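A, B and C label the chains in the order they appear, each numbered from 1.
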Amino acid sequence: MTSSNVDFFLLAGAALFCLGFYALAAHAHLLRKILALNVSGSGVFLILIATAHGPEGAAPDPVPHALVLTGIVVAVSATALALVLSGRVHEATGKAELPAGPSDS
Amino acid sequence: MLPLVCALGAFMVPRAGRWLTLVAAAGLSLITWDMARVALSHGAQRYPLAGWGAPLGIELYADGAAVLMLALTVTVMGSVSLYAGEYFSSKHRHQNGSAHEGRAVFFWPLWLFLWCGLNALFLSADIFNLYVTLELVGLAAVTLAALEGGPGALLAATRYLLVSLLASFCFLLGVAVLYAGAATLDIELLRQSMTPGPLAWAGVSFMVTGLLIKTAVFPVHFWLPPAHAQASTPVSAVLSALVVKASFYLLFRLWFDLFSAVAKPPSAEFLASLGAAAVIWGSIQALRQERLKLLVAYSTVAQVGYLLLAIPLVHATNDSSGWAGCFYWALSHGCAKAAMFLAAGNLLWAAGHDRIAELGGAAKQLGLSMFAFLLAAVSLAGLPPSGGFIAKWLLLSASLASGQWEKAVVLVLGGLLTAAYSVRVLRQAFVPATASEQPPRPVPRLLEWIAVSLSLLALLLGFYANPIVRLLQVGAPRAGQAFTGGL
Amino acid sequence: MAWNSAVLLLIILSSFITGLVIFFLPDDRIRLRTTLNLTGATSKLLLIGFIMWGVHQETVFEWRLPLLLGIDFFIHADALSILFGSLSAGLWFLTTVYAVGYLEGSPDRSRFFGFFSVCVSATTGIALAGNLFTFVIFYELLTISTYPLVVHRGTKEALRAGQSYLGYTLGGGAVLLVGVVWLYVLAGRVDFTVAGSLPDLIEKQPASLKIIFVLLIAGLGVKAALVPLHGWLPQAMIAPAPVSALLHAVAVVKAGAFGIVRVVYDVYGVKGLAALGLMNPLAMVASFTIVYGSLCALAQSDLKRRLAFSTVSQVSYIVLGTATFGPVATVGGLVHLIHQGLMKITLFFCAGNYAETLGIHKINELAGVGRRMPWSTAAFTISALGMIGVPPTAGFVSKWFLGTGAVDAGQYWVLGVLLLSSLLNAMYFLPIVFIAWFREPAGPWPEDRKFGRWETHWMLLAPPLTTAALVLAAGLFANSPFSPLQWVRLIAFREYGL
């Protein structure tokens, strides 16, 4: 990778993060929210990997890779949990949406 | 490690869950007591895991504040575990328990995972470890919140999860940015190499934002009231008392330790103004609530604000009264809020509902629980003699000594508002039962006594200030100086 | 722990522990509860007597517990403590007897007496507090323990009154706390020492200390019912008569006044306060309260409310005494603390008797009651005359000293205020006395003579008669070595270094 490529990946990661954030807020359906979160997460991982870039020709720094792997594990388990919860919500309420404001029910 | 082992055990042998937890509680109490002793005599301790020191290995760090948070965790988790054991088995007896049976299997292991995560969090010394423990705590908390099973709880837990995950990604992003600048994850080394600049600012902002979201600071507090209110009683108690504190603890420590190069009084003022807004808004919302558990949950939103107010106070004072005041508040709030939720849960059990206006009969019956609620309210409002009073005194003297009047005003106003919304509940004990109410169901005595003991503890904290403050001074930052950390 | 220190703790605990035990008793364990109550009250009286004797011999009674960063929880017994402490102990005993009789058969008695006892512990703690920090602790404890007493009946009005009560008192407490913390920040420690502990600070930071004084007085003034912070008092009349008696003669109102006395004499010192130029403003606020309270009392047709406004007015005599420079005025103000307590509690006991036995709440309903309940009315008359300041009652003694002290200090306008208020007192008390003795009753009295020869339950009768007798005795025997006056002279003597 050259450094301009690194910059590209950094920007792409940032863009994904923002995109996901927007989508999280804008959509009401739970599945979409979960997907949006995953997109954000991928953005962060992309940024992390970009920082792993070492000097030209040297091996990349392994620490960010460890971070990303852990992050992926966390994201996967959280997503799994979120999916199960969404399923339960759907069973219980018939819809897979979060109500707009803070609910009191 | 202890809770982790017990968690696995509980998972495999469901019936033993309750007892394994109590074993863990006993063991952890002994260990924590010892750690306190060591901290007082030898200062803060560092411990490299598996012998691998920083920057590559993971170290654990225990100073006064960390040990105190561990102590708080042990106390609250221990007491609430006792409560939960009795609570679930009594519910079992009273109701057709098949669904509950299924859930109870998962309760204890999750509970112990949460405990393990909390302990690890308070002891962590590098930011990645912090991230991992934060996630563990968050996921366990969300699942526990959802275990209650009703649609309200599920919705609230889902919202909690999504918000929490977003916050975690923010935090991770911050970590990434900081790592890009410094090539190390250890807090000590990061601090030494951090220089103010756009990179550091960006990293810090992301991490702070993530932590603020997790601590439910105004204006991103909206997920907390439904999640804490809908969860079952022991879970609510622990969520408000401990989980919220965990992310705040990180914020507070990192602010003075890691971010000290970048975190200057103006940004501290910004955080404090968020805190002030939280206090006012949370208290007003609590005043408006019709339902008991929501009232208590909004009270948590408000009380968290006090903790943020303390940040600029620590910057400005020479003695450690700001630092001590903040942690003392966290300690008292932990005990008092847990007690309050337990008492509220008792009322809910007895009356079958938690509409405040109709709790007259149950309130009269449950004198002990009302007493617990009273003592908890006394501590939360900062009235003497209680831990809350000591904390308030410390924060007030810090703010008056450093000329930050606005903080004093907010502190005092917040206390009055707290009293106001607590009285809404307390006065129900004097109101005769309305005709439409059903006679209250009896609540097992043990549940009431546990609530009372926790609230008594909040009260007693008012009398043991000196040793605790001394412990807190182990490792506390002095104004203008980043703390040295470690031996 | 030395015996002297233990005694102090014991005296506070004597009611606290009995209170806690009483909470757990079911309502119908009357004998046990009454025994506990009276045991606590008697032991408290005995202990106070012991301490009083010791203080007279200049023995030191104190106990410290380091609580926070150099600030101690500190209780001690000096002459002022004994003044207030003996008033509370003695009147608590009598009010307990009265309350047992009054609440016979009412619901939730255990809860009532539990909080009642805790309330008295808090009052004793206030009396014994040795520094502002400890004072604040017990002061707020008093607020917390009196709220349940005010809302005891559970009616809507009671709850509303309780809410206003809490609003005022907690607000006042908060203001007080800010003042106290600030003072501690500036001064390091604020122990109560005779003639004040802040002389050099006054020189260095007069502006801050002035503001702190205002904060302290405002915070204390809520409980002491200084106008315009007195709004809670008439509303709190909704509470049962023993509560009104206790709150208005002993606990809450006197605690506020006592606090002001402590701040003036033992924190700032009269000389320091005069140097800051704050004596006159305080005297003016007190005078305004005296006149305003009396005027409002004139307008009331409900007996207890008239008495409430009378309290607003009368307690400020104490503040006026402290705000007027000079030992004589000091004596007047402090001795009024005792005398007003005795007189006012008698009035409230009698008002409670009228309400409980005959259902009378309004003044015009009192016509001819002197014939039906002569003993209560006699007690009422003696105390009313005392309030007006007629010799040889105790009230005359206090007003005499206040007036003389005002002349000594060259503040003739204070004398004017005293005369005006005595006139107003006469205007609102004499009609009651007249109506009670000399008017014909509107209709026949309810004929239930269930108390036999006595006009009402003996427990409702004995306390007011006792206190009325004390009112007379304190006036007649004012110069004897055991009178409150002599004790107060001792205090003034020590304060002014004469």
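As a working rule, contacts are C-beta pairs under 8 Å (C-beta built on N, C-alpha and C of every residue); 3 or more make two chains touch, one makes a residue touch a chain.
All figures in this text were calculated on a predicted structure; none of them were measured in a lab.
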Next item on the list: Tell me which chains count as touching both chain B and chain C.
Entry: none
Notebook entry, point to check: Counting only C-alpha atoms to place each centre, which chain is farthest from chain A?
Noted result: C
Notebook entry, point to check: Taking each chain's centre as the mean of its CA atoms, how far is chain B from chain C in angstrom?
Noted result: 43
Check: So how far apart, in whole Å, are chain A and chain B when each is placed at the average of its C-alpha atoms?
Finding: 27
Next item on the list: Give, as an integer number of Å, the spacing between the C-alpha centres of chain C and chain A.
Entry: 67
Check: Which residues of chain B touch chain A in their complex?
Finding: 128, 131-132, 135, 139, 142-143, 146, 150-152, 154-159, 161-162, 165-166, 168-169, 172-173, 175-177, 179-180, 183, 185, 222-223, 225-226, 291, 294
Checklist line | Of all residues in chain C, those that touch chain B in their complex | finding: 23, 65-69, 73, 111, 136-137, 140-141, 143-144, 147-148, 151-154, 158-159, 162-163, 166-167, 170-171, 173-175, 177-178, 181-182, 184-185
Check: Quick one: in the complex, what on chain B touches chain C?
Finding: 319, 321, 367, 374, 378, 381, 383-385, 389-390, 392-394, 396-397, 400-401, 408, 412, 415-416, 419-420, 423, 427, 430-432, 462-463, 465-466, 469
Checklist line | Complex contact set, residues of chain A against chain B | finding: 17, 21, 24, 30, 33-34, 37, 40-41, 44, 47-48, 51, 61, 63-64, 67, 70-71, 74-75, 77-78, 81-82, 85-86, 88-89, 92-93, 98-99, 101-105
